[in-house]
Structures are given as structure tokens and as C-alpha cells.
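As C-alpha cells, here come the structures.
What follows is a pair of complexes built around chain A, which joins chain B in one and chain C in the other.
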Partner chain A sequence: MDNQQSPPHPDTRRQLQMARSMCWHCQSEVTGEYFCDRCVKVQPVSKETDYFTCLGFPRRLMLDPKKLEAKFYELSRTFHPDFYQTKSADEQTISLSNAAVLNTAYRTLRDSIQRAEYLLALETGSVKDIRTSPPADLFEEILDLQDTLEEYRASERDSDQGHRLRATLQTEQEALERRKEGMEAQLRQLFADWDKLQDAGEATSLARVERDRILKEMRDLLSNRTYVNNIVNDLAATIA
Partner chain B sequence: MIWQQQSPKQLFPNILIFDMARIVGIDLGTTNSLVAYMKDGQPCVVPDRNGRTMVPSVVALTDNGLIVGDSAKEHLTRNPERTVYSVKRFMGKGLADVQDELVYFPYHVTETGGVIRIRLGQKSYSPPQVSAMILKELKLRAEASLGESITKAVITVPAYFNDSQRQATKDAGLIAGLEVLRIINEPTAASLAYGLQQKTQGTIAVYDFGGGTFDISILKLKDGIFEVLATSGDTHLGGDDLDRVLVDLFIGDIRDRYGIDVGRYPDHMQTVRLEAERAKIRLSDELKTEITIELPEDKGRFTRELTRDQLESLVAGIIERTLAPCRIALKDAGLTPKDIDEVVLVGGSTRMPLVRQRVEALFGKQPHCHLNPDEVVALGAAVQADILSGGTTDMLLLDVTPLSLGIETMGGVMSSLIRRNTTIPASAKEMFTTYVDGQTGVDIHILQGERELVKDNRSLAQFRLKVPPLPAGVPRIEVTFLIDANGILNVTATDMRTAKSQSIEVKPSYGLSDTEVERMIEDSFKFATEDVTARKLIEARLDAEALIKTTDKSLVEAGHLITEEEADGIRTSLSQLSTAKNGTDSRVIRARMAELEQTAKQLNVMMLDHSLKQSLQGKKVSEVS
Partner chain C sequence: MAYSDKVVDHFNNPRNMGSFKKDDADVGTGMVGAPECGDVMKLQIKVQNDTIVDAKFKTFGCGSAIASSSLATEWLKGKTIEEAQKIKNTDIVQELNLPPVKIHCSVLAEDAIKAALADYQKKTDGQPTGTK
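Presenting the complex of A and B:
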């Protein structure tokens, strides 16, 4: 597993995982990755294992989807309950919960936005903030949009006014989608910055400042993007 | 992984193989059911003596007991009130869910405890019990053909079946004496059979339009992994609905022409329904067909012509309804029609040319139907059975949950925990605490569906989380919702303060309770031989007679020792028991006997006293001690 490149800060989660080293079945020390070398029993994925570790990837934000999928398939073949039907009840239970963890891990890491949100939570120890008011640079625009939306909802869909409002909303939707794409491009840049910083692996104070900058900008961008994304979806649903 | 390439079979060839009971694959269909197994690496369907592979999913109560399949199908018109068909539409449902279509069913449907019951003669059967009879027939067929006892099975369900419907199917297996090792989705089963045959790689769409349900599944096939990307459907949309359009047309015609309301004649309704089905099937090959229906009251026979064009214009709306789920599934998979490499057709209804046209138009490519659409699901179930028994290790199915799972939160809103199209097994954890000091329980309501409000979603179950009495907000109970590989929910809870897990008794909203299923398993053994039932009845009648006799005697001898009220109560119970004794239900007789024993308790005490005194009276004290 590729966890040589440990993150700059000591991670208590990983230490906990190291502590789980005894096979539940034969009590010998587990040196294998997912199976006890001695009795060949499947071992539970520790509750504390993060999704990156679970899938055997370092904490990077630019992951190759093909490699991720290949690893997911490989581990599915390892853990899926289908292959434990003839095993003991204990092994079946472990396989079931391991497969559930694996599926969650893959679902989270497969999507670049969810992956970044998850990394942010891991690194800063807090869940993402949910925006309830528009980002500052969008404030006016969103307020206008809300008015138009309300007007449209109240209007006769097939009237001239309805058509006109619908066209306005469509233009607005396209504009917001472009805005979202812009944010995503900015995010991709931050992802690259993050990976570069991690690859360098320096523990200098400069590196720490850079790390905090990336995480902060990422957090703001992510919550703004989610906000815009929700509005776009809402718009699409209203004028569909 | 090295370990997995060396399957146990290879490691211990002599030990494991002989005690590995064979697992069969079963397609429990709305109209027909099939059983298949793996033979020399290829799945094959088990035929009956006449070479027929399909067992009609029909159960009839005759004078000689319950019969299933082809012979039962003959009773549809002869004995419509006692012949059950399309029972799959009732699986995991309450009466309110099916109210609109009850008019089309000649048999009597009621509800007890959130579960539909079907009346057959003197008894009522839940849909899982009726399905179990079909499963038993398949089990017998497989046993006869393979010459070994069959106790394990993989059973298929529509991909869009919810938790209650899946659980009901599992219950049916249990009642039939089958250990259901896996519930698998019909379109994915089909993809397994298909993938095995074609060694396909790429993205495929399985369009499964059966007798009662519609499913669409989009899968990615790569290196033996069958990953479902999205699934959607309608569990109340199938060939039955197409037939109904024709039934309505014919009934209207007959009313106009002869002034007869066929709806009042259940046997003729069945004739109309079967003729509608046959005409629909004929019109898949022919451009027009002749319909002939015998009329009630010796009014002769109704004939008319029906063209394929007419049929198509009548059912176009229903077929259109299958396309919306297709679009949703595509969207959920993040794909457009041109990303689909192949379209596979499954289910009898896909034989209709219009269905093929509409599917082709939507996906922009000609759909495949290399495998028999009636058999492909059972074949796939056999492949999955082989995977589970360790025979096939190069294929793996990664399926998804078709509906979002959530819990009720404040204000009747559903909070989603596991989104639809999440790969299963899937789990979600949720922490619960209390709002009031000393609160000892938290009520949790589990739901399935895509809507915002609780009332628009399907209620799965409710349970009460036990909480130690502590100040508000202090208890921390973590509840894990786990959807297993069958798509069935398992709930566990752990008190985070003590790390103790607690068992949860979940009350299903639309399902049989565990004890009820157990009782039905017992019952099913009873029904297996009518002899047993008959014997029970005879025994119960004899016992009842004896009880009536002794109670009568006691009343004469000790009646003066109890109150008039008590005596009256006993007389009522006595007459109720003699009525029950003349009936045919041994359980009713036993219940009445128990009642009588209860009401006559005081009398029996007095009677015992009385006879003791009497026997003492003639004796000397010295003789007694």
C-alpha cells in the first residue's frame, strides 16, 4: 500500500490503524494487507481507516479514474459477499461491512468534488460549511434571480410574459453554469497545487503556510460551488 | 489477490465439492416462473416431462387440494374465484396500494396487518404463501430432474422492487423450504447470462419489460465485473397492463353490442382476459387477428377483428411510460443514449414490435435479443448461484439500490441516508440523542423513495431505539443502516457510551413479521399433504366431541354449584364449539375448545370437588387417611 508518503501532520487515525494488528480468528499478528497470513481469514477494515488508505491511494486530489476503478474492482473481488457464501458467519459479516466501506470509499473518491470535500474534512477535522446566503460577488445577481424566479412561478407559463421570463432564466442558468465551470477550473488548479505540495513533502513553515492557503481557498470555493450548483439545479427543474 | 485465485475448490478438491449442495436459480415471474442450474459451465433451464420450461405462476384450489402451473391455468376460466394469478403484483403491498386494479382480479383480496391476503376456499393466504407454492413446484421439478434434494436458491426480483417486496420474496422462499442465498435483480441476472454468452465489454442497457413490472438497468461490463451504474423502473407496469387495455375494449364492445356487463361474470372475465393476452401475442407476428369470446347467458359468441395498428395506438401510452425511467437511469448514470454500446431486451412484452421500435428510437441502436427473453433471467440466476457456490470466480456483479433510503425528520420531511443507485452493500451511520431529560426511547421511521415529504415515500418500518435515562442530549446511540447484497435493509444500534450494541425489533410496515413467517413455514408443511390437514380435522373433531360430552355431564351433575351466569356462558361456548366442529377448520375447533375450557374452569373445579366429596361420603375416616 502506498502510504509511505504520510501527510505532513501526524495522523492519529493511522496510528490507531497500526494498533489493530491481531487476527480476530487465530490471534496471531496480521502482517498481510487484508488477510491473516497464518489462517487466511479476511480481516475487518478498521473503522478509522480513511478512504484513501482503504483504496490504497495517497491523499492526492488528482487521481487517475482508471487506476481508481481498477483498484476498486480488485478490492471488490477481494471483499464482495458473493465470495464468502461458503465461509463462516463471522467472515461473512466482515466481508459485508468491508464491502460497504469499500463502496463508500470508491463513491467518495471517484467524484473529484466529493473527494476534495472529504480530504478537507480529513485535513481540517471539520465538515464542510453549508452556505445559506450567496457568495459576496454573486449577491446582487442571485437576489435578482430570486425575483425573476418568483415572477415566473406566478406567471402564466404560456403567456408572453412567461416566455420572456423563461428566456431570462435560461440565460441566467447558462451564465451560472459558466460561473460554476470557472470555479471548477480554479479548484483543479488548487488540486494540482495540493498534490505538488504533498509530493515535495517538505515540513517547512513555508510549506505549512501554503498548505493552509490551499485548504482555505478550497473550502471557500467548494461551498460557493455547491451553492451555485444548487441554484442551477433548482433553475433547471423550474423551467424544465 | 492470490488467495482468491486459488479457490477453496482448488485447494481442497475432495473435501468441499461433495457436500456443496447445489444452488438453483429461480425466476419467480408475474406470469411464468422458471428454474435453472449450471451444467458443465453453462446455465440451463429445467423442463418438465413434456419439455415445457415455463411454469405458469398460477395457483388453483380444487376439490383435490391446491395445484400449481399448467393444470392450475386451466382453472382460470373454470373456477376463477379460486384461481390466483399475477400474485407478484401483490408482494410486499398493502390493500390501498392495489385498490385501483382489484376490479380486474376475480379472486377475493383483503388485508390483515398491512399484508394483503387472498381468500381461497376456507383459508386466506398471503402473497408470499402463494408464491411459495409456485416455488415448491419449481423445487419439485428441479429435484425430479436432478435426482437430488434442492434446499438453496437464488431468486430474482425486479430491480425496482423496494425493501418490502424483496423481503416478501425472501419469505416466500423460506415458506417453500428454500434457503434464499441471494435475491438478485432480473435485468442484472439477464446481463450475467448475456455477458457469459457474448463475452461483452462496454456499456449495456437492459430493458426488461415483463408480465407485471418494468425495469431498466445500465451496466458497465469490464474484465468480468458487471457494475450497475443506474437502475430505474416501475413495479406496476407490464404485459398485464397491455392486456387490460384490450379487456376494456372488448368489454365495452360487448356491452354496446349485447348489453351484457361481462364484469359481473368472473369466469367470462377470465375468458376475455386470456383472449386479450393471446390476441396481443398473435399481433406480434401478424398484422391482424380475429377475436372470439363465448358470451354469458348463452348469448352466443362475440367476434371482432383487431389489427396491429389498432393495438399499437391503444397501448402506445403504456409503452411510452417505460421510456421515462430509461431517461432517468441514463441521467443518473451520467450518460447519453449514444454512450450505450448495446441494448438487451428481456421479458415477454419486448416481443411486441412497437416496444422494439420505441427502444431503438430512444437508444439509437437496434436492440439485441439473442437469448430467449423468457429464459434469460433464470439462466442468469443460475450463473449467480454458481458464483455463490464458488464455481465461477471470474464474474462479479456489483448491483445498486434502486431507491433512496432515509428516515423521517422534523416536520414530516425525509432525510436521505443512502441515495438511489448506490452500489450495494451500502451503509450509513446516524447518531441519535434525546431532547428531554430522562427520555428512554427514540422513535425511528425508515422510508424509501425519492420524494421530499414522508407521506409521498414508502414507509418501510418503524422501531423504537432504547436509550438509557439520562439528561437530554447526553445519550449517543449510533444506528447503522446497512443494505446488503440482496438490497435488503439491516439495522443495528450501538450505545456509544458503553459500546454495547442493542438488538432492534423492527416492525415492517408492509410485511409479515418473523413469527408469522415461522407460522407459515409450519403451515406450509401442513398443506404439503392434505392428509395431514384432514387428519388434524378428524382429531380435532374427536377431541371436541369428547369435550362436549364431559362438559354436558358436568353441567348435569354440578350445574347447581355454579352461578346461572356461568352456566349460560358455558352453554354458549358449547353451542359455538358444536358449530365449529361441523366446519372444516381444525384451528377454529381448537380455539373454540380452548374457549370452552376457559369458561368451564369454575365448573370443572366444582365438579372435581363434587366427585371427591361423593367418593368420600361412602368411606370411613380411617379409610381415607
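Presenting the complex of A and C:
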């Protein structure tokens, strides 16, 4: 019984969810980033803190991967549970949960596509709030390709038909990969547009229209890229 | 996590796979996709005298998405337009025993049904087809 880790005291747990501005331990105001200035106790990363804030970056889409990694390593050391082994149970719990949030934050932000998906979710509440018009032409293409894939799977690989189908699929795969690259180039342009708009920081109605345009176009492109990506992977796996 | 027997059955023996000519007056086509996972679903109905006489689907996606659309086409056959409107994704979840992570597949199937019905109704503008 004695060596069992006791769960945090109910009072402490309530305090953990309280506003970041008050230290859970000494109740003095916290002005520092992750530690209380007075008692030097580690502070929990609030559940409301978004991943950008957590890693100390503004909500931009063109983040420098080197800087992001450096900040991640720095904070990883700060929160690493190994450094809290001699501290109180509360501090151990906080360091562990902070380290977990940090890992998820880094995993999400280091990939430019996931980062954009995450920003969209943050900016629009729910991604589903932006209704995308289903790209019917792309869907038809994907389903037709699916038929050809089935035909190929059912065919004798070494027959004339098998060779012909394989060649067709290969051409399609290359075309789709080029299309995916085109979409990613368009996305990068939108990322730059977004950052520029944020840096300008204007609250005009024109800026709002631009913001909505960028988010809507980004939503459509990200969705279409996922569809294309899936069929490309399927093609690659089948004719490999 | 394993698929339920019913999902496996629909996946291995999909019912009503294929398509109709989408320009035919008595055909309604629903084309939907799930941007989160990249699944694509096409569901079509053939209507005569306000009754769905045939249904077909084509789905590019996971086993649950295929099973959901396969089941949907089975259910649609013989139903009136009005009855078809009442099919809910929760009915599909229940029948196929879908786990929480696969509920969006049933939502996709319901969206496809709704889209096919809407497409048919737009074509006929409320006038029943197939009456001779």
C-alpha cells in the first residue's frame, strides 16, 4: 500500500484546472512562463493553451523547423519527469502531463499539413463549420481508377492485359503525384498569405474577407489533397 | 479491434456494387467524401412511381465505409422516397455494430443517401417519374 502512488489531492486537482495566473502551490501570481516566481514550482500547461502558445510560437504557418525543434528540446528538458523524481507527487504529476502535452504539440506542429489542419480547427472552432463542396470530378476519377485497380488485381500479372493495366495505372499515379505537388505548392502560397495577413494585424473588413478566403481555400485544398494522397498510396501499394 | 461479422460479410460480398447512368431521369446520384480520412462514396438510386426499385454504390475507403454503403443500398431497395429519408446513421451503426472510431463511415452513408434523394428530387422537381 505504501509504495502505491497516491492520486493528487482533490483540492490540488481543482487548482490544476484553475487559471494559469495563480500558482497552485503558493497562490501567488505567476508571471513567468512555466514556473512560479516565488516558490519556483512547475506550473501546469492549461488545457486551454493551444499548441502554438505551448511551444511559444505565434499562429503562423511558415514556422522554421529548426527553431521549433530547438524550443521543443528546451521545454522537454524543462518538463522531463526524470528531473522531478525527488519532488512532490503533485510536481511529478504536473511534469508528466506537461511533457505529454508538449509531445503532442510538437508532433502536430512539425508537420506543415497537420499544422494547417490544426490551425483551421482553432480558427474555425470546428473544421466541419466550413462546408466544402465535394469535388465531384475528382471523386469520379478516383472511383474510375478504383475500377481499373480492381481489374488489375484480378488480372494475370504477366499477361498482356496485366502489363497494359499496370502501365495505365503507373501513368495515372505519376499524374496524380504531380497534381498533389501542385496542391502543396498552392498550400504553401496560402500559408504565406496567412502569415502576411497576421503580421499586418489589421482589423478591417477587407482583412476579414481575406482571412475567410484563405481559410476556405485552405480547407478545400487540404481535403482534396487527402483524397488524392489516399488513392496515390493505394496505387503505389498495388503496382509496387 | 476486429470488425463485426456483418461488416466482414458486406466487405467480402458487397451487395449492389456498380453504377447507373447518372444522367438518366429516374436516377438520383449522391457523391460524398470524408475529408478527415479521404473516403469517397457514390450512391445511386433508381426510382419508379416514387419507389426506389434499385440502388447501387461505389466506395473507395475502409471496410466499414464499404459495409455501410452496401447495407444502405440493401435497405433502400423497395422503400419510398419518404421512407428512405428516415434512414439514420445510427440505424447503420446498430446493424453493423460499428465501434466509435468508425461512426463517421455511417454518417457518410447517410449523407450519400440524402444527397442521392436530393439529386433525384431536383431532377424531377417533385414530379414522379416512371409513370406511364
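FYI, the second predicted complex is superposed on the first by the 209 of 240 C-alpha atoms of A that agree within 3 Å, B and C clash if a C-alpha of one lies under 4 Å from a C-alpha of the other, contacts with A are read in each partner's own complex, and residues count from 1 in each chain.
Criterion: a contact is a pair of C-beta atoms (placed from the backbone, for glycine too) under 8 Å apart; a residue touches a chain by one contact, two chains touch by 3 or more.
This is a predicted model, so every value here is computed, not measured.
**Student:** So, A:134: does it touch chain B (first), chain C (second), both, or neither?
**Tutor:** second
**Student:** Now for A:49: first (chain B), second (chain C), both, or neither, which partner does it touch?
**Tutor:** Neither partner.
**Student:** So, A:142: does it touch chain B (first), chain C (second), both, or neither?
**Tutor:** A:142 contacts chain C only, not chain B.
**Student:** Thinking of the overlay built on chain A, is A:97 touched by chain B (first), by chain C (second), by both, or by neither?
**Tutor:** So A:97 only meets chain B here.
**Student:** Figure out whether A:73 sits in contact with chain B (first) or chain C (second), or with both, or with neither.
**Tutor:** First partner only, chain B.
**Student:** Taking the superposition on A as described, I'd like to know which of chain B and chain C A:107 touches: first, second, both or neither.
**Tutor:** first
**Student:** Looking at A:226 after the superposition, I want to know if it touches chain B, chain C, both of them or none. Which is it: first, second, both, neither?
**Tutor:** A:226 contacts chain C only, not chain B.
**Student:** What part of chain A is shared between its chain B contacts and its chain C contacts?
**Tutor:** Residues common to the chain A contacts of chain C and of chain B do not exist here, since the sets are disjoint.
**Student:** Going by the contact rule at the top, pick out the chain C residues touching chain A in the complex.
**Tutor:** 31-33, 35-40, 42, 58, 60
**Student:** If you look only at chain A, which of its residues touch chain C in the complex?
**Tutor:** Of all residues in chain A, those touching chain C are 127, 132, 134-136, 139-140, 142-143, 146-147, 219, 222-223, 226-227, 229-231, 234.
**Student:** Which residues of chain B touch chain A in their complex?
**Tutor:** Per the stated touch rule, the residues are 1, 3-4, 8, 16, 20, 181-182, 222-223, 225, 227, 384, 387-390, 393, 396-398, 422-427, 482, 484-485.
**Student:** Can you list the residues on chain A that touch chain B in the complex?
**Tutor:** 34-35, 40, 73-74, 76-78, 80-83, 85-86, 96-97, 99-101, 103-104, 106-107
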